[in-house]
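Next, two complexes with chain A in common: one pairs it with chain B, the other with chain C.
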Partner chain A sequence: MKYMTIKHLYKKIKIPGIAYGIITMFLIFGLLTSWKNITLANLMLIARSSSVLLLASIGMTMVILVSQVDISIGGVMSLAGVITASCLGNDINIIISILIGLLSGVVFGLFNGIMIAIYNFDYWISTFATMGIASGIALVISDGATVPILDDTFNWIGNGKIGNVYTMIYIAIIAVVIIAIILKKTRFGYNIYSIGGSEQSALFSGINVVGNRVLVYVCSGFFSAMAGVMLAAIGSSANPIGGINYSFDAMAAVIIGGTGFNGGKGGIFGTIIGVFMLRVLANGLGIMGIPATWQRAIIGFVIVSVLVIDALNEKQKRTKSKRRVYIDE
Partner chain B sequence: MDTDIVLLKATGISKHFDGVRALNKAQLTVKHGEVNVLLGENGAGKSTLVKIISGVYSKDQGEIYIDGKLVNFHNVRDAQREGISIIHQELNLLQERTIAQNIFVGREPILRSGFIDHKKMIQESNKLLKNLGLDLDPNILVKDLSIAQQQMVEVAKALSFNLKLLIMDEPTSSLTRKEIELLFGMISSLKKEGVGIIYISHRMDEIRRVGDRLTIMRDGEYVDCMDAKTSDMDDVVSKMVGRKIENFYHRNYNVPGEVILKTENLCGLCFRNINISVSKGEIVSLSGLAGSGRTEIAKAIFGCDPIIKGKYYIDKQVVIRTTPTKSVKKGIAFLPEDRKKEGLLLPMSIKENICSASLRNLFPNGLLNKKVELKEAERYRKEMKIATTNVNKVVGKLSGGNQQKVVVSKWLLTNAKFFIFDEPTRGIDIGAKAEIYKLLDRLASDGAAILMISSDINEIVGLSDRVYVISDGEMVKEIGRKDLTQETIIHYAVSGGDSE
Partner chain C sequence: MHLMKNKKEQKVKGGYILMNKLRFYFSKCSRVLLLLIIIIVLVILKPDAFWSWSNISTVLFQQAPFIMLMSFGMTLAIITKGIDKSMGSILVLSSCVAAGFIKNEQFGIGVCLALSIGATCGLLNGILITKVNIPPFIATYGVDYVTLGIAYIFTGGTSTYGFPNNFRNIVTGSINGVLPNLFIITLMVFLILFFITRKTIFGKNMYSCGHNINATMLCGVDTRKVITIVYVINGLIAAITGLLYMARLNAADPGISGNFTLDSIAAALIGGTSFGGGKGSVSNSIIGALVIVFLRNGMNIMGVQTTWQQIVVGLVIILSIVFESLTKRLVKSEL
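Our next item is the complex of A and B:
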């Protein structure tokens, strides 16, 4: 039997060292400057905000695994939140309201998938366009204003607790476990890795590349809609531009988590860690008294450091393998 | 086994791409347990034909029979079900996945619960690898394997279907001699099991060794099919090109002029203590097995790879910390082995490619002058006899030989006097090869110094003034023209000069 050591885990997930460094630094400074702010309640809040980002990042992970990108995530989140809130406002049954919200995500995912996989449009431009459409419709439906939600059951999803833990954290955990199983144990998951690794190999191996790609975008739309609905539940209201930052954050989380843009490499566990890092980072900045306006720039720097470390690693590996040829053969 | 019914019979196969005819009533038969070598120049339709047989492309017309049964493939999966597998020239493995995952890609065994059966995947992979005599852990990532091992994984993948017909497209082009032997051993054991093989190769020496029959194609049409062991090679070649080729290797040997390149104990990533020199009017070759460090030496001289120790001189001037930009200014031309990726800007026109390395000289003020561009391109089209009507055409549409001429033109325009040719005829058909050989000879006669790297020993023996044999990153022997034979080169390349 093989057992998992921390080294194993590290190798599997591949978090760049410098990101660790930055996070640890912030944690230490945060702890030193304000002991008292570290409470269970505070940690719970971090976990809750992480679970929204985590849901949004699930779809992004899958799309980046097939070597593409979905930047419509933020727009779809806003739209799904607004749609669900409007349905609830019109006294539609809560479950149906949520399903309609999720359906909007599926529709947008399907639209993305059809444009990109079937008609071969560029994925950056296609999802850029759908981002505009989705967030535009969200503004139209809500008339540009935040839609309040009065349904207590719905708001319980965002603010209620089971045991000592927010309801929504359970939902995120369940979603992640399902996706982890799909990626590791099903043909669909394997096909995602194969298509991302080499589209041509996948084609020559008889894999239905088009169909699987469409499905990936549908998943991405679905999970972003889910994140949007959750976001509305937390705030007890749906903000028509509430999801706007999430495209950036989700992409950042996936990249920091070690899923590369070359595709076929990485997975959901890295993304979980990437999400927590981002959220802890944000919180640490707050505790340290650094204004929230700095967050994006700092996240950007973390991503650059990830790229640099990755490039250096690759270079070292290449040099080593060349040396090996020279020594061994 | 029924010997009357052939394994594969494909007749009257036609295929058009965008109105251009790629295949016209092509035909091919393969018997059980035989190797049929498919021969033809580039563009003769070999790849198209095998891709139709393996389900990658659909055919416009014609019939394919497997064991006498009419089949109609819509995709790769259909062909795989009939036991047809293809190993493409560029290997199609997923670098970031394990051997087992690659073998079963797209058709992983599934448990009753709907999840993938990892255990079975590993067991089956182990069995397949062992059958091929490979001692590899199926959990290893493919990117950690050598090219030859990766090819074996492709074979294992093919075997995992009920393999009846295996198609190999230039399988030996990136293998070392030892690895080729391994591959041939595997081919003969497959034959014993009744598997039919279609083997595409440009290397004439391989045809007799592995082939039972050979099928010749030209311009998308079937030309002839004959016994591989008894056929006359000159006859085969003339059938492939449709004309006789005379003076395949043609050289006017010149008296070498002044020394252009001289290295002193040059050490780099994969080589050490290299002392070589090249003079004007000479063709000097670096020969050795793949992976011996040949290409790296050339790349280091051009400035793509680092130099760790030692120095070298261009025109008697010592070169320190060079880059490709500086090398071009010194008059060095590097013609890489991968023409399409490293040598040309494929989607751009012939004239733009020809001028691409000399923009600074042609347009010193930074503004392009279309007239000058056109004039220079026209000059080289005539001089190099590039077969095209219009230099505005996209370079990617030219044949391999003409593309190589464009690369040479590009460097001639920079006033290069020292040419490094890395595999000048790789992937080029025989007719074009002869033209490239003539071109090399002419360059040398015009006073250029040429350093050639090649895996084709015939080519090295036929063209070189001198040969440096590289083995394990060291220069083991310098052979002059008088002593130049295939046997001596191979002897030193394999033994590393130890037996002296």
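Our next item is the complex of A and C:
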């Protein structure tokens, strides 16, 4: 009986292989940096930087689950940060200025959704164009310079702590819990999975595919705007090109977490692991004092190799399943 | 009776076909019209600054060729239903690596190295897309990330400048002071690509790969090979553009990739290359590139800030997609 419970528990939790990879990587970095990375302060820093990427990846997870991609995340992040910062600079109430920042994300998400779901434009090129537009507007509003934020309450969101833990981490946890419940327990979540699994059968079983797609893009815009506002809060300033790399990072985090481009498989739990992997890697390289020029290449290389391994795995699975069908017959 | 009916139907059908042909020519000429409208508006608004030989020749012979070359490659990728986001970074890496050799007047080694880097990166793209089955956008995005990283490592973030004059002459010089060399090089690349896409079996295969890859595969075409070769060609074009751009700027710097990718995608799309794949041509992207270049030049002359220009280019891309889907709907509804 005891033997049963342990093994069953292990099988039930289904820890993805990447999770072991993160722990190994963490230990290797620990050995290389004489355990400087396993201090409470550093763990908090990793968690804080992960929480921004995690918020950006939530939207990407939902979009990839319906087997599409939203590249505009980076541009929308910069835009939301800049808009919030310039609203705060004009002495607008903090809650209203954050809401305006989030609204900009919703507007861009709606725009993407209308173009892609209703008018059937190609999602790569539509979101690529909106990324250009969003980051362009961010540059115009900020006049190409970083916008400083002097509001203490706002900066507290980024740098303040509640009981030794950064405020931002609570926000990320709340957002993830809400999205996990939505994905697993609501009709909208079920619809996302079934559209990703097979759009045709979802359509035939009476699911409003177009409406759900639009809603997914709106969610993606909303969460990337939230991530942009958080990014501005961390740095106490909004950089008009600060979010550019987040599109690719979020995509990589989602894929590393096991949500495939074919859609309908995966979830938010894997994305959390993917985000942690990227941030642990960046943090470890930073502590080791590797120059920024090298870091970019190393992280890019790791991401590409993970993508390749993922794609190869998928291929193997497909051939295996085909073989099984053949044997059964 | 039956025959007569058939004839009548044929007549009606003939009418539709004529209408469709007219629409087709309209949608084909609309790009030229757009270009003319932009030029006319600029001439009316700023006659002195825009409509002078020095400005027009600078735009046509000094700025346009680079975007044209890049958009040729992008067009090829888009015809096969893919996209090549890594071209900007391949341009940077090949020029940065070659810069050291060319500065020491070892032109052969430099050029060969640049071309082989371009071809290798293209091959990597092709393998990732065809063998590993990663979507083209992600594969080229990843290669873009890595290549730019390697370029920064290689140069240490600094730029190389001051190339020998006989290398710079390739771009700045001209034959008899009339035809600039850059124009002739672009024309040659264009003619080669035009011949490949229109007159060879490989070109036909490329279009059919974009149109329906499964059917092409079932017809016995090695689609993987075709797509890989397309990305290798792209890498080579990017390397050539890198060398030319380096000669024009008289510097090799990891930060020069700038707007190349966005502009060349916009140029290919405005030229009427459809994102659904299998449609479009290299000659169309010349007009697309000219539209983009004149748009940017016009905005510079009008004193529009560079920050605004990105928004305009993004909007132009979206407008061209909207326009394409509209014309598609019109043609479909009539049929």
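Here is the rule we use: the second predicted complex is superposed on the first by the 257 of 329 C-alpha atoms of A that agree within 3 Å, B and C clash if a C-alpha of one lies under 4 Å from a C-alpha of the other, contacts with A are read in each partner's own complex, and residues count from 1 in each chain.
Keep in mind that, in the parts below, contacts are C-beta pairs under 8 Å (C-beta built on N, C-alpha and C of every residue); 3 or more make two chains touch, one makes a residue touch a chain.
The structure displayed is predicted, hence computed values, not measured ones.
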With the two complexes superposed on chain A, say which partner A:S126 touches: chain B (first), chain C (second), both, or neither. second
Going by the contact rule set out at the top, does A:Y190 touch chain B (first), chain C (second), both, or neither? first
After lining up the shared chain so the two structures overlap, which partner does A:S201 touch, if you call chain B first and chain C second: first, second, both or neither? first
Comparing the two partners chain B and chain C, which touches a greater set of residues in chain A: C
Under the stated touch criterion, which partner chain does A:I95 make contact with: chain B (first), chain C (second), both, or neither? neither
Between chain B (first) and chain C (second), which does A:I118 come into contact with in this model arrangement: first, second, both, or neither? neither
Chain A residues touching chain B in their complex are 181, 185-187, 190-191, 193-194, 197-198, 200-207, 264-265, 319, 322-323, 325-326, 329
Which stretch or stretches of chain B touch chain A in the complex? 56, 75-77, 80, 86, 88, 92-97, 101, 105-108, 110, 114-116, 269-271, 291, 293, 296, 472-473
Residue positions on chain A within touch of chain C in the complex are 69, 71, 115, 119-122, 124-126, 128-133, 135-137, 139-140, 143-144, 248, 251, 255, 261, 293-294, 296-301, 303-304, 307-308, 311-312, 314-315
Write out the stretch or stretches of chain C touching chain A in their complex. 83, 128, 132-135, 137-139, 141-143, 145-146, 148-150, 152-153, 156-157, 262, 265, 269, 275-276, 305, 307-315, 317-318, 321-322, 325
